[in-house]
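Next come two complexes, and both contain chain A; in the first it sits with chain B, in the second with chain C.
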Partner chain A sequence: MNEIPKRTIIQKYHVRGILITVILSLLLIFSSIMTGVDWSEFFSNLGQFFALLGRMANPDWQYLNVVVQPIIETIQMALLGTTIGTAVAIPFAFLAARNLVKSLLVRGVTRFVLNLVRTLPDLLLAALFVAIVGIGPTAGVWTLAIFSFGMISKLFYETVETIEKGPIEALRAAGANKIQIIVFAVIPQVINNFISYFLYTFEINVRASTVLGYLGAGGIGVFLQRSLSSFRYDQTAVIIIAILIVVVIIDSLSNTLRERLL
Partner chain B sequence: MMTKQPLISFKNVSKIYNNGTVGLKKVNLDIFQGEFVVIVGLSGAGKSTLLRTINKMHNITDGDITINGESITPLKGKKLCKLRSCIGMIFQNFNLVKRSSVLRNVLIGRVGYYPTWKSVLGIFSPEDKKKAATALQRVNLAEKIYARADELSGGQQQRVAIARVFMQNPKIILADEPVASLDPLTTNAIMDDLKNLNREFKMTVIVNLHSVPLALKYADRIIGLRAGELVYDKTITEVSEQDFKTIYQEEGAIR
Partner chain C sequence: MTEKSKFFSKRYKWLFWMIPLAVIYLWSIIGLSFSGIQASAGEVSQSIIYGLFHPDWAYVYDGSGEDLLSLIVQTLAIAFLGTFVSGILSIPFAFWAARGPIHKTLYWRSSSGKFVLVFIRTFPELVLAIMFIKAVGPGSFAGVLAVSIHSIGMLGKLFSEAIENMDLGVEEALVSAGGNKFDVLCLATLPTVMPEFMSFTLYRFEIAVRSASILGMVGAGGIGTPLLFAIQTRSWSRVGIILFGIIIMVTAIDWLSGVLRKKLV
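Entry: the complex of A and B
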């Protein structure tokens, strides 16, 4: 008797998979109806879209001189925001990791704070900081710092939880304290992942900061908004091209670095 | 008449894990300075548990353990770190930090002796660096000092672990199945290394082993555990091969 065990009817006809697909499709259809997305409107407006594209087809290259400075500011905002967010995230990540902190209370409170921070949308943060510190790049930096903090802390503690526990045991048995355990046994195992996630978050922040400027949080976004509202689509075109180039360069740089690391 | 004071003394020690599993049951045991003790028993008999109660990697639930006459049960925080820093431990899976250099792995044996800030900044004294080189020479790995630990074979990694323990200058060495994942040739090399530390420096060595022939070859004294109970304890001169039948008897067969 060497038969393959029979599949149940549910397994045989992939009932679960089909059911999930159907439910998801229905949800999609209902939500598009309920939010009133009008597909015919979308397609009839395509003409307008192409008209806009036509007006952007003659970029005002002179404007490039004006754009360079805010683009650099955008990158600086992203770098600063990511760095601040990461620096604060590191201790939180260690406190939230199951394999380092035995106390359910400490871990629970830490994770609650982290989850709370992650639920804040970055645009809301930007609006908030513009209101607090005023229009300018400072608001952008704080927004990106908090956004990075939420993202990095989660990525980091999940990484910490995947490490080998053998070295931690060895350090503990040799009389090392918590900090020594982290420095000698944990960090060597996670440092490459940490750097990789830092670069990834920086990448996302460069993209995000172009939009944040829209709310007055500094950087190139301010110029994007200005050109759009004054119907200078020739300038808009330059800004978009400049952003694209910068994003592509930073993406490929960070991708190359990350591939080397892992 | 005064009898010699034991180095490690188990007094009615029981250990029940949180999930109710009995790890140790009323163990009474004295281990003396300079002994080479081998603990044998079936898998799950409580060998690892026994070893880990000595450096408080596991806490006991009943009884008391003393080292040099002092109870270790109440030790916490700094005092516990101090105790652990003079007890070396060797593991089945070596437990090296694979991405760090061999040298750094050996120096890890010393961190318990340094203030946190110094060790964290990597400031180790010249004597300790020299000692690390000596420790590696002892296990024939001097030329691997700057290699990354994961470049080494299993046997070499275990010898780095022995060098790490040597750095601790320990009074006691606990080895939990140190050769279970090694080939026979490397096995003898590792066991010889442990025996040398025992002979040269009078370090007390306690080893968990699966293999009876190995136990007979290296032990001064053999202790048998079965289902958490100490069922056998004889010096090597008293041991007969017949004895192992009782130690390795399945639990069900006795009842």
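Entry: the complex of A and C
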């Protein structure tokens, strides 16, 4: 006998779907009230926004000469920051990897610290470091170092956890110690992924470092802030175009390198 | 080439890579004008650590609407609303940028879409926030607008990749059963990619929470404004409690979104 499959009440009246819709709409209404959304104001002032865009559409090309030096500074900041962050991240990545460290305590504490570091947004770190070391690219390098430390350590320990056990066991059987196992069994397996992630983080840091200067942490952001506060939107446009060009070049460079690696 | 020289060139190839690398690093270190660390650095970091261990608990809730809890909720509201709007706005951009399997000749269409998305991604979110502040005045609404426009860059890219990697069987089945383009879109394409779209949107929400918490530094609402103020006035116990608040908020949202995403995919 064929029977028509019965549906439970929850399925029949689409309880889950309706519930999700209601929750979502309530959240939407609540957050609109919280943030004071006023679409009429938005549409009535849209002209002002487009006037601003219009002024940005006529870039002040003369300003390009001024922009080149800080853009280069931005790249240098990103490079040093990423490198310092990576160097510090590597030992932490090994400590957090499940297949290398058996002690739950060590692993747990390491992962907890890494999670804490990762929650901090980049500009927040920049504001803190500007307060600590003073205005200038030094603050930017420190910010990016901490920022990339959090990101890279996670990417790295996830890579380390995917490696093959064979070489580790072979070395252990031959009597190698922990350091020797890491150097001869783990690193050769992960080095290509590590370099690829390093380049990826570098890309992200180049993007991030362009705004760090807004709070005084060096690089092109300083000029971004200067042009915006003096209402020279034609100069802002030049800066944004310069950032776009640099980001596209760095991205495609790092993409080509990464494709070759993997 | 003899065996030995082959071995030699293979073995020491990395050395040749070291030379340009060393040059690049030297160039960066010399090029950066390290202004030197200011004299009070040690003192300031000590007071920051002191502040972190002695947070200003009175700030957590005082009923004025300017306390930590209400500003954290406001930050979450900015991120939620911004991500929601951007999730909807990204869908047309995604179809624009996706490279279709059939129309091999229409590369210019997807390439132009991809370029627009790169442009949106690179346009600094802070500048966008400042532009919206000019339009709607300082406050969280400007933050919502900034998040919703900026997120299109990343969401559009992720969505279009989801469309490119989609299973085409369902579409073909509908076409062969006589469905028109609209049927295919509503009954095959969108249902296939929806779980992925929602998962990406949740992921972007995590990022939006982080950026909403710093947008306040330029006056676009949320927890960033009092944070920057506290750092500038050097009230470190206030900074400590706000940092605590941000860390707890981000951790909770990451966890929640992780759970939800696991259920989706």
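Before moving on, here are some points about what is shown:
In the analysis below, the second predicted complex is superposed on the first by the 216 of 262 C-alpha atoms of A that agree within 3 Å, B and C clash if a C-alpha of one lies under 4 Å from a C-alpha of the other, contacts with A are read in each partner's own complex, and residues count from 1 in each chain.
What we mean here is this: a residue touches a chain if its C-beta (ideal position, glycine included) is under 8 Å from a C-beta of that chain, and two chains touch if they have at least 3 such contacts.
Quantities reported herein were computed from a predicted structural model and do not represent experimental measurements.
Looking at the superposition, the partner that touches the larger set of chain A residues, chain B or chain C, turns out to be C.
Touch criterion met: A:Q180 reaches chain B, while chain C stays clear of it.
By the touch criterion defined above, A:P91 lies against neither chain B nor chain C after alignment on the C-alpha atoms of chain A.
In the overlay built on the shared chain, the residue A:G108 is in contact with neither chain B nor chain C.
In the superposition on chain A, contact is made by A:P188 with chain B only, not with chain C.
When the shared chain is aligned, chain B comes close enough to touch A:E169, but chain C does not. In the superposition on chain A, the residues of chain A contacted by chain B and by chain C do not overlap at all.
By the touch rule above, chain A contacts chain B in their complex via residues 164, 166-167, 169-177, 179-180, 183-185, 188-189.
Of all residues in chain A, those touching chain C in their complex are 27-28, 30-32, 34-38, 41-42, 45-46, 48-49, 52-53, 72-73, 75-77, 79-80, 83, 115-116, 119-124, 127-128, 131-138, 141, 207, 210-211, 214-215, 218, 224, 228, 236, 240, 243-244, 247-248. Contacts from chain B toward chain A in the complex involve residues 55, 57, 80-89, 91, 93-100, 104, 108-109, 111-113, 116, 119-120, 161, 164, 168, 174. Considering their complex, residues 24-25, 27-29, 31-38, 41, 44-45, 48, 73-74, 76-78, 80-81, 84, 118-119, 122-127, 130-132, 134-137, 139-141, 143-145, 210-211, 213-214, 217-218, 221, 224, 227-228, 231-232, 234, 239, 243, 246-247, 250-251, 254 of chain C touch chain A.
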